[in-house]
């Protein structure tokens, strides 16, 4: 078997067993990036030191020294997460030449597990988008059909895992930015509980919604990455001291007796027929696995997108105020300070980012706070309450990740609302702070992946991953690769 | 004229306005005081708060607002805020949260200031001040709230008007400030100064801030307007906020100036609070005048909202009790103690208390040791404070311990040393850091034998018959001359004893 | 440039957000803003209980605090290296007025 067909846990086993050298492993993926990324554009930058690090790990293994639990495993990181001394752009011209002097906490943790950061992946500018078309560095292409979007904002991470330019990747999810591209690219993506993975070093889009998570081919790989990146961080005030339960050890526990809720009012007009069919098929699989399927209500979920498009832009308008041409690389000249501000922000931000800053600024401005931010935050309470009620009756909630499979590049360029509705099933989990995972459950007739979303109780990532893993034990969708030149040989 | 924007919609001067006298107007003043809390690290990061270091040498990814960096609140800043709240009789919030105040300025790295909007750490309270014209009479100034926030950095603008770049230093960025806001209860510039002095004293007493005004550790904005009686009603002039006052003198002078200016402006154009928005002015120390500050039209739209990077802080009753228990006696109580327990007059008590807690402690220890608080007050109030001032020392650095000082005073009280000799001994003690006994020895002071004193007096009476006659004729003051002569012959002779003896011998 | 009421709003908001927009951007921004605000308007349909408290996210959990301890600052060069203009000691910005 070639390396591109191996799962990360197998690669780590082979590295530990001495069957594979870290340098060979890293070189293999660097070569794949070299060969295929021109067509996919998953990466914004490639690490110049990855081989050196792999060399050091091989030396340490040879000398019998202890190494971390991911020693030698290449990993791609979304470019909105700071890696010390490496360019970190958040997909924006504003940060084109920004080099953070510090590591994000998750990067620190991955480094101390001896994982090797192979490159930084493309994304919608400041994570604002659902297609990775809003990147200063050009759009990423979906490996299943290069005229289609990979989803977003973590489209680079999703595409690179789907095309095996890296075994695993890290993304971030504010309204679906891990799950929606995972769904579009036929991989597994987990948005953890708010507060379970440190946000320190994640370039903020909307702080109360942002969460970092793994993007992998299998649930087991996601569990492996979670065991490294999750946990309390004193540098992030919103980081939770309530530890998530160990995700790895319970994976093989059968699903007998687990209660899975299905919210039928989400299966509405907007939902593509093919997607609905695949979700229903997958539901039957869960039944066969021993799950009890129950109907539930989430009466306020229909307002989630509206609430989200108030709250996220409000927070973003403030979070992005720091890009003013004074401290971080990009400045457009002006005769006085105010002119410099306006020119820098007018030229440094792309259209979608400007549009959302405008919306957020408007919604927070004097006289509108109650009508928008406060009202949306009250609706957010109702959405959270719905979940609290539902999780009294069920352990997981099942549904589609996205209403449709991947759409064409440029398809929604002139219609922001249509684009926003790509998040219709994913934003609620961010608003409520609960964990959710997308797993591949089939393909459309024209060969595009379809994803299923499971949502769980706060800090019960273990249940989500277990259910996804049990599903993957009896299905092959996660093992299916795009029929393209970068298709993996098995 | 800088106020042309106001005159455009003004009314012509009217006779009833011109008939009003400035003295009829009541000045309404509210203060917003920014106090730098005495922490070693900043409010949300571990950078030092030390003043005067090289520009931009005390910053990190958090306080420069580097993308991805996050704030974590400093425990001590919370504690000091609670301590201040208790000292100012404020209610302390059981739950307090953080909000973002959004505005653009180059010395505000994140584009927002982390502050507190609707749940300040300290709620309503009050501070009693002495009415400046009538000592001993107290007036209550209500505190509206006190909230915790981060300071901005420092902008150094080009003063040459050549349009050179401004320089930004972010060392001060993120330093913890407590913003104390009063109700508009202050009525005169002198009261404003009295309020600030008392506040500064309290903050010193409770070790919350050194309030060093030169370093900007206590800064003040004053909101000023006038209530003017006009016919059967009363009008209010537009409120002016005088920004960034950094000395007591500038507070006093700017308010005085501003009141007069508002009165004249009102007489001229008649605009009231309903006609004009709040205006921001600065104090020009050079011109001794307030000047209109150019402001952006949107500057007041701060778009406050809860900071999603920070979580709420709950404060437990037990924590407040604990801080309350540790709280030292405050100036007001101490003044009362000095008057009631140590029998000082109010002025003397205030003078001692105004010197800070160290001097009060020193005084009480000496007064307790020598059982004569008035003498202790005289000596500490005059000699010790003068010596400290001359040597630019604090009481903690004073070379004599309260015990050593008490020894000296006891020798004065029991008559072993007269005042003059006592002061000589004190100087000797301070100069060589020695005890009273050692100083007495070094100065060669010996007690004078009773017989020696009698023969000295006999000698004086013999040699100064005219003076003796004058005394006998009823000129009591003339005895001083004889005492002086006696001291020339024997410096150790106690003037009191000589006086008593001479009086007795002469009257016999 | 009077423009529609939406365009006036966009102008004011752009000013507040310190973003320069040209005429065409203002027009398209006004259009998109109207569209999205129209969509957001459905929040008015939600029947909210009288006593509902807004949910702002993590702010509901409490007490993440640090001790008042010094931590090394970042060397000035590393901080200023990312700045578009500095003299090695200070950030430099165009004059305020």
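Residue numbering begins at 1 within each chain, and the chains themselves are lettered A, B and C in the order written.
The rule is short, and it goes like this: contacts are C-beta pairs under 8 Å (C-beta built on N, C-alpha and C of every residue); 3 or more make two chains touch, one makes a residue touch a chain.
These figures come from a predicted structure and were not determined experimentally.
Chemist: Which one chain sits nearest the middle, judging by mean Cα positions?
Modeler: Of the chains present, the most centrally placed is C.
Chemist: Ranking chain pairs by how many C-beta pairs touch, which one is first?
Modeler: By number of C-beta pairs in contact, the leading chain pair is A-C.
Chemist: Could you tell me the distance, in whole angstrom, between the mean C-alpha positions of subunit A and subunit B?
Modeler: 57
Chemist: With chain centres taken as the means of their Cα atoms, state the distance from subunit B to subunit C in Å.
Modeler: 40
Chemist: Please compute the C-alpha centroid of subunit A, do the same for subunit C, then give the distance between them in whole Å.
Modeler: A distance of 23 Å separates the two centres.
Chemist: On subunit A, where are the residues touching two or more other chains?
Modeler: Expected reply: 98, 101-102, 207-208, 234, 236-238, 317, 324, 326-328, 337-338, 341, 361, 365.
Chemist: For subunit C, what residues touch not just one other chain but two or more?
Modeler: Each of 16, 18, 56-59, 61, 64, 66, 74, 79, 82, 85, 91, 93-97 in subunit C touches at least two other chains.
Chemist: Give me the residue numbers in subunit B that touch at least two other chains, ranges are fine.
Modeler: In subunit B, residues 61, 64, 66, 72-73, 104, 106, 166, 168, 301, 303, 308, 310-311 touch at least two other chains, as defined above.
Chemist: In their complex, what parts of subunit A are in touch with subunit C?
Modeler: Of all residues in subunit A, those touching subunit C are 97-99, 101-102, 194-195, 207-209, 234, 236-240, 300, 303, 305-307, 309-310, 317, 324-331, 333-343, 345-347, 349, 351, 354-355, 357-359, 361-362, 365, 372, 374-382, 384, 416-417, 420, 431, 433.
Chemist: Can you list the residues on subunit C that touch subunit A in the complex?
Modeler: Residues 9-10, 13-14, 16-21, 25, 29, 32-33, 35-37, 39-46, 48, 52-59, 61, 64, 66, 74, 78-79, 81-85, 91, 93-97 of subunit C touch subunit A in their complex.
Chemist: Name, in rising order, each residue of subunit A that touches subunit B in their complex.
Modeler: Checking each residue of subunit A against subunit B gives 81-82, 88, 90, 95, 98, 100-102, 104, 199-204, 206-208, 234-238, 314-315, 317-318, 320-322, 324, 326-328, 337-338, 341, 361, 364-366, 369, 373.
Chemist: Under the definition above, what is the set of subunit B residues touching subunit C in their complex?
Modeler: Those in contact with subunit C are residues 39-41, 45-48, 54-61, 64, 66, 72-78, 95, 97, 104, 106, 155-158, 163-170, 294, 298, 301, 303, 306-308, 310-314.
Chemist: Which of the residues in subunit B end up touching subunit A in this complex?
Modeler: 61, 64-73, 100, 102, 104, 106, 109-112, 166, 168, 296, 300-301, 303-305, 308-311
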